[in-house]
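Two complexes, one shared chain (subunit A), two partners (subunit B, subunit C).
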Partner chain A sequence: MPNNVFTRYLPLLLLAILWEIGPRLHWVDPSELPPLSAVGRAWWSLLMDGDLWINGVSSFINWFFGLGSAIIIGVLLGVLMARSQTIDDIASPLVKALYPMPKSALIPVMILWLGLGAGSKIASISLSCLLPVILSAYNGARGVDQTLIWSARACGATDRELLWEVVLPAALPEILAGIRNAVAISFIVLVASELLVGQRGLGYLISFLGEGGVYDAMFAVVVTVSALGFFADRAYLFFMRRTLLWRE
Partner chain B sequence: MERVNSLWKRRFLRSSSIVVLAVAWEWGARMHFVSDFLLPSLSSVLIRLWDDVISGEILTGLGLTLLRTLAGFSMAAVAGIIIGVTIARFRAVRWFFDPIVSIGNPLPKIAFLPIFILWFGVFDWSKIAMVAFSAVFPVIVATWAATENVDKFMLWSAESLGCTRRQMLWQIILPASMPEVFTGLQIALPVSLIVVIICEMTMGGEGLGGTMMTSMRFADSPGVFSGIVAIAIVGSLVVKFMEIVRHRLLVWHQESNV
Partner chain C sequence: MNETIFGAGSMTGNGIVFGQVTHTYRPQRGRPVLALDGVSLEVKEREFVALLGPSGCGKSTLLYLLGGFMPIESGTITVGGKAVTAPGPDRGIVFQNYSLFPWKTVKQNVLYGLEKQRKPKAEREQRAQELIELVHLKGFEDSYPSQLSGGMKQRVAIARTLAIDPVTLLMDEPFGALDAQTRTLMHEELLAIMRRTPKTCVFVTHDVREAVYLADRVAVMTSRPGRIKEIVDTKPSNGISRADYINTPEFTEKVDYLWNLVRDEAIRAQEAH
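The block that comes next holds the complex of A and B.
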């Protein structure tokens, strides 16, 4: 088994080796691509200085509240739209009109409204993630097998019980898939909004180091952000599979 | 009678929400519930948009943005389809790309923006490269999945009829995987647009995103809002356009008859 894992990830190892020796042998200019070891060293010193922590925590707060609020509001609104014809009629033209909008366009408006601090970032993330969550909750809740609802009604389920014990669990796979999309979007908008303005956050750190010409450290932060995005997705996938175990 | 009534009620509700929102926006701005700076009235935003259309300013921006989007997107589409097909057909290619794709696909690619600026400068190439890099992964994943899942019976029949490998690829595998590949492209194009706009916002260089950012810096809020309206319209048109192309290209496929 370890052998298999080794062959499977060998290409990455090869790329890493290439990354190390390419700049050292001047196949590529080391100032444009610092060797891996230099990036590693820069990463370690950023970690020790606390730069990575301070900015990481600030990014995490923006990400957490932005994505969290989008999930709560989105699921609520999506399920409501699916359950009530009137709300559906009112909200779905808006949702459909706004869904294809390139979400990054919201960032300047949010900066205009909420300033350069955390508020505009949280709002940008939240609004960008909201539509995929609404749509998945809506589709999921609408797709609930009607016989399930009738059976639950026949067993005397109240509206509340129907929602919590039938509709939400049945819509869960779709909702969770929509949230996975939202996680990916949240990282894009988080980094983009921090690259654009602000004095804190990992995105800010990247652009700050890049403008200062400290490229090994800049690569270190880029790799860190990528790794965070990757592991967030993997962790979410793991959580999703665990949550859906009961569906075989 | 009641059914007719409820039908009209639904139609009314469906069309009303956007109208109500527009009226509330205009009225709220005129009554100065919020300052003009934070929310310029809808009419002033639309007038501004119209002025920009007349003066041609928006067309330049739109042209630049679309050009960058399409350049990056077409590179991603070609590269993604080639990589996806070869992954599904050659074991060595799969061995090499499998970990790269599975790690690269969920990455927040936008974080690489400063690296691309370092490598390709702040002008068009870095934006195009950034778009291609962000959009290529959904295309690879879709093509890979599609070409690998082509109906085995179809492949066997073709083989028994004496298809060469080349014919097999061009006449069976590629057409059969078209719907899924196109779904990948339909994901990649909006991603391209998002990335172009972010690039223009951070690096400048005009385009819709750049203009919007300039307006923001000069506290020209009608400019910001007309920018967002323009971008929203472009976004919907692009999505719509892809749907039409899909329908055209896949007329022969059973999905078009549904």
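The block that comes next holds the complex of A and C.
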């Protein structure tokens, strides 16, 4: 088992070693890529100064409300579109129009409409994450076995009970898979929106440090964001498996 | 006036009357297909009637119409004198694919209908436990359907349906997906259940032996469009048990007779494809 873990993370370890010795031996310019140890030191001082915390909390709030609203609206809309022809007819063209649009193109529009603060970032994240959630909820709810619905009907379930107690849980495996995609997108759009404009957030910190030429600290924030994205995905996967334990 | 409305119903008690039921299947692409053509049939209270026919003869459609799952286009279906318009707890249904809620445990599945009927909690718990014991699943209360065999899943589905004590039990090829041995055991179990809690039962199957073994009468349907071709009495004539019935010449004769009726329709159905 330890052997297994070792081999699995061996490529990462090799990358870390290369990152350390490459700049030191001047294979790459250390001013463009500071050695890993310098990045580590910069990370520690960012943590101690509180810069990482203040901007991290600010990013977390944008991320939380952006992704959260996308999940709530997306699941509701997707399920209702699947179950109601009228809602499908109204919402479907809008969803289809949104589908091929590069989501980062929405960021300037949101800034124009909602200003430079948190609102535009939350809206950008929300809109970008909405699509995979809607699609998964729609497909999941569409695919519910007709006899499952009839069984609930014959037991006396009302329309509303049918939606919450049968359609939604039956669609849950697909919805949770869709949300996983949304989590990945949320990190991309979060950092992109903060990079573009802002006074707070990890994305802002990256661009601020980069413009100031403090590259070891800039890399420290980049690594932090990547690690957060990785652990968020792991944690979500764990949660998803726990929730779907009944599937075997 | 009451007498004229409920007159027919009281004749059959809580029986079922299909009157000239016609149904057209309209696929999203392609031409509409006449699935049922003027089907009339009466099922008396506590009678067990099997609908027998080749696949695609509309026998399941007839059952779904009785369940109220699809609108009746032409003709009438009444249960206990009342016209069927929507699904209801008076008509419990069991499907071939079990249709259990996979995210609910055995017990939660059986409880579902009782919750929908707004029964008090203590009564729900007691009734669910009774049903689980009736179908011999004690000890599996907290298992999920994915952890059960096909036969066990179907027993859960039967328990869930019986829990709300429907007057009529609709069964759509319930044992069609099970292996031969499990199917035989399920036949015995179903008959035992029907002895303990007698119900009107409409049972859809394409298995001739199953139909003769379980049913009081077998209605043979023609291949598309589905019509009632003949109704055959399959109750053991001298009052012997069903278990013994299966070894009598009478049973074999009934099976042979019905098989000949179904055979022609099955051949016609194949040629039509």
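FYI, the second predicted complex is superposed on the first by the 248 of 248 C-alpha atoms of A that agree within 3 Å, B and C clash if a C-alpha of one lies under 4 Å from a C-alpha of the other, contacts with A are read in each partner's own complex, and residues count from 1 in each chain.
One rule holds for everything that comes next: a residue touches a chain if its C-beta (ideal position, glycine included) is under 8 Å from a C-beta of that chain, and two chains touch if they have at least 3 such contacts.
Because the structure is predicted, anything quoted here is derived from the model rather than measured.
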Sticking to the clash and touch definitions up top, decide whether subunit B and subunit C on subunit A clash or fit.
-> fit
Classify the contacts of A:D159 with the two partner chains as first (subunit B alone), second (subunit C alone), both, or neither.
-> neither
Should A:G203 be classified as contacting the first partner (subunit B), the second (subunit C), both, or neither?
-> first
Contacts of A:D49 with subunit B and subunit C, given as first, second, both or neither = neither
Greater residue coverage of subunit A in the superposed arrangement, subunit B or subunit C = B
Return, as a multiple of 10 degrees, the angle whose vertex is the Cα centre of subunit A and whose sides reach the Cα centres of subunit B and subunit C.
-> 90
Smallest separation of CA atoms, subunit C relative to subunit B, angstrom = 11
Residues of subunit C touching subunit A in their complex?
-> 64, 67-69, 86-89, 91-93, 95, 97, 99, 101-104, 112-113, 116-117, 144-147, 157, 160-161, 164, 166
Give every residue of subunit A touching subunit C within the complex, in rising order.
-> 145, 147-148, 150-157, 161, 166, 169-170, 172, 245-248
Residues of subunit B touching subunit A in the complex | 10, 13-18, 21, 37-38, 95-100, 103, 106-115, 117-119, 190, 193-195, 197-198, 201-202, 208-209, 212-213, 215-216, 221, 224-225, 227-228, 231-232, 234-236, 238-240
Would you mind writing out the residues of subunit A in touch with subunit B in their complex?
-> 7-12, 15, 32, 85-86, 89-94, 97-98, 100-109, 111-113, 184, 187-188, 190-192, 195-196, 202-203, 206-207, 209-210, 215, 218-219, 221-222, 225-226, 229-230, 233-234
